[in-house]
Amino acid sequence: MTYENPYMKGRTWPELNILETLRHRNPLVICITNDVVRTFTANGLLAIGASPVMSECSEDLKDLIVHASALLINIGTLTPDKVSYYKEAIALAKKYEVPIVLDPVGCHAGAYRLSVVLDLIKTGNISLLRGNQSEIKAIYDALGPDDEDNNSTEGKGVDGAQVEDSAVIAYRLARLINCPVVATGEEDYVSDGTRVFAVPHGHPIMTAVTGTGCLLGAVLAAFFSAYYPCKNRLSIGEFLAYALAYYGLAGESAVQVSGVKPGSFSVAFMDALYSLDDAVLKSENRIRPIVVPDQLEVYFISGTQDVELNE
Amino acid sequence: MTYENPYMKGRTWPELNILETLRHRNPLVICITNDVVRTFTANGLLAIGASPVMSECSEDLKDLIVHASALLINIGTLTPDKVSYYKEAIALAKKYEVPIVLDPVGCHAGAYRLSVVLDLIKTGNISLLRGNQSEIKAIYDALGPDDEDNNSTEGKGVDGAQVEDSAVIAYRLARLINCPVVATGEEDYVSDGTRVFAVPHGHPIMTAVTGTGCLLGAVLAAFFSAYYPCKNRLSIGEFLAYALAYYGLAGESAVQVSGVKPGSFSVAFMDALYSLDDAVLKSENRIRPIVVPDQLEVYFISGTQDVELNE
Amino acid sequence: MTYENPYMKGRTWPELNILETLRHRNPLVICITNDVVRTFTANGLLAIGASPVMSECSEDLKDLIVHASALLINIGTLTPDKVSYYKEAIALAKKYEVPIVLDPVGCHAGAYRLSVVLDLIKTGNISLLRGNQSEIKAIYDALGPDDEDNNSTEGKGVDGAQVEDSAVIAYRLARLINCPVVATGEEDYVSDGTRVFAVPHGHPIMTAVTGTGCLLGAVLAAFFSAYYPCKNRLSIGEFLAYALAYYGLAGESAVQVSGVKPGSFSVAFMDALYSLDDAVLKSENRIRPIVVPDQLEVYFISGTQDVELNE
């Protein structure tokens, strides 16, 4: 008997087939990523059934972009030259309607990184922002309202339980920049500006392997290509929650094989990304919707119907 | 009892010692390769008993080239600056008579990549071209005769069996650009323009690990250094067929250890490259010579004696 | 019962806690390293409990350097542009008093590399030089006295046994450039210009995995951050000997798990770096002090007291 997540639509979607769709589509994901994680990213994308390609100049990118399902921009080892290239790449992706995932690596740790990230967001062409909770907070702090009242990210959810700041920030930032936001941490949060989901998967050993965060950005980029056929069943926020759950479940499954050892884990994680399937994703995900205080205001004051409360 | 390949000279060459020679020589292979596969390439070269060195500018390369046994140029993450460097490197290698292996990564997928590859080939200094079958075909299509009749790559071999297009293309391209051509795929083909060999080794999981193709280019570069002492026994085409068989056998051996899991396979593959020896290469290779239609014309019309038909 | 190294102060230091201190401090190590080893370096630093960050331009580095415990400069894939960046990075690190480890990869193999290394050393800001014995010798030969007599690196130690040239060179170079020198090889030597230690750990398979030398440079950089609290107990030379012993012991421990197979070893080595602790370091290190001939001159002629002879 498998566990059935009582919170998620999966229970009424017996044929949940996100991974099958993804692998069938074998999406080409162009990665403009940092110098440390290219191999891990390429191997991870191959493992999930996507096709990675790294392209490092516009001359090349304009040939490849026409075949692409998604573009990842990860600023981990940025330089002024690369920043120019990010912008050219965003323009090309926009022209060919290729979705763009931005991973703002380390933007909480330096003014230069943050300014680059804000510039890229301001193009208005980012389709998904994926960062850790410190990075997402730094972006929100830079872009959010100055008003301290409105800016408070503390609050209680409908059930009276404390809602994590990071969930609130993900929701607000998604509304502010008008694209889904994934904020990863011990528990991951994703919001498309309408709903918010918590995804409590993964294992701490993942933080001892370089590139696990960066690869997630690439994996989310690959998942975009599988969203279209699921569109009528799932909001993009919920869909991304499944992608996060898949990634975290692969980590949990890997650590069962490897033990808490970073070298062995890294190998087992690739194996798990390769073998984990929709049945496991459906039966073992512990995704849960979250209601953040802002939503209640919208709900009760404006009567907006797009928040589904847990009944 | 070991299997003895009935097709190959190995049966009359009891002391086949290619790997022993290679490891004894410990050739220095300079790799100008792409950003994704450098670590895997370096580790693979170390595993087979070669010494890798990566050099990224002419100032450095001109010091190192004098010690080198071979130079690999892999265009996987090309930029205009790197293309200039490829050309400088080719000129330096030519000056010091260092053989050059060219890996035209992705040249079938973009006009820029293809134009760069054609430029490099036109230097006339490439010693070996190693690509997958799509890449090799793209180069042949760009360089081959326009005449549709002559350009047909369909045909039957001497035994009436269908000869794979890729084998024919490898043969023709080798004659056209006057250097051996390796076209990898489910079955690999190699031709030195005189003979053609099919090498049916490897395992599909290899395509789920980034760099297995790129590393092969580097491995072939390393093998060049072991060819000289084998020169009187083997044509370069046959010699390269052994190199391909070794690489594919290492893949087959690795998957026995790892199972069909990309992370585990990648580790086991390094182990297999390190441990596989001449005895296994001799007894387990399934290399077979192929006769392509063009050769028959040459053979019967011109009386050229360099095609050895299977008796 | 554990082995107690009779040579080292550890015997009188029951609470030896270098690794505990290091892991508690979780030092940020900025790595400006070569294109081949970035992933391995980042994973190795994570495994020992440090935080790696790669920074590739001054705009970024000046934000990050203020948080850093150490800076690594590894010239493995140098270019003229990168050399300019190394110099900017050294100036920034100096400004913020961040210790700098220099890894002069391949400087024995090319005049360009050597000239770059000498330039960097001449800034006077290098805190530790870590190279293999050929690299260290090349630097010493370039900087050392011309006088052949003084330049002789052959000699006998106090016990009449042959002292390895590399130990003598490490000692002399440390005095000459006024910073500790680590010269790795089958047996490693470290000198701070006052004392010399031999560290006979590790395993030959380490040379078949790319980046084991380069990662050591990064690991030594991380160890700097743990030196301050040990300052009153250990000279920097002795402290670095422990760092080398830890690294070599991790290699020995890994090969017990993996066997002599480079792929498996690489994985097991990460696991071992992660799990090896102070108890093992204390009980299993075979560090031994060495007295080089030059020290005897200093000792007997000048009466300098900083050489501790084995009683």
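Note that the chains are named A, B and C in the order they appear, and that numbering of residues resets to 1 at the start of each chain.
One rule holds in what follows: a contact is a pair of C-beta atoms (placed from the backbone, for glycine too) under 8 Å apart; a residue touches a chain by one contact, two chains touch by 3 or more.
Computed from a predicted model, the values in this text were never measured in an experiment.
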item	value
Numbering shared by both copies at the chain B-chain A contact, with half separating same from different	different
Angle, in degrees to the nearest 5, of the Cα rotation that carries chain A onto chain C	120
Centroid spacing, where centroids are CA-atom means, of chain A and chain B in whole angstrom	40
Interface hub residues of chain B, defined as touching at least two other chains	35, 39, 266-267
List of chain C residues in touch with chain B within their complex	34-37, 39-40, 76-80, 106, 109-113, 207-211, 261-264, 266-267
Chain A residues within the chain B interface of the complex	35, 38-39, 42-43, 46-47, 52-57, 59-60, 62-64, 67, 266-271, 274-275
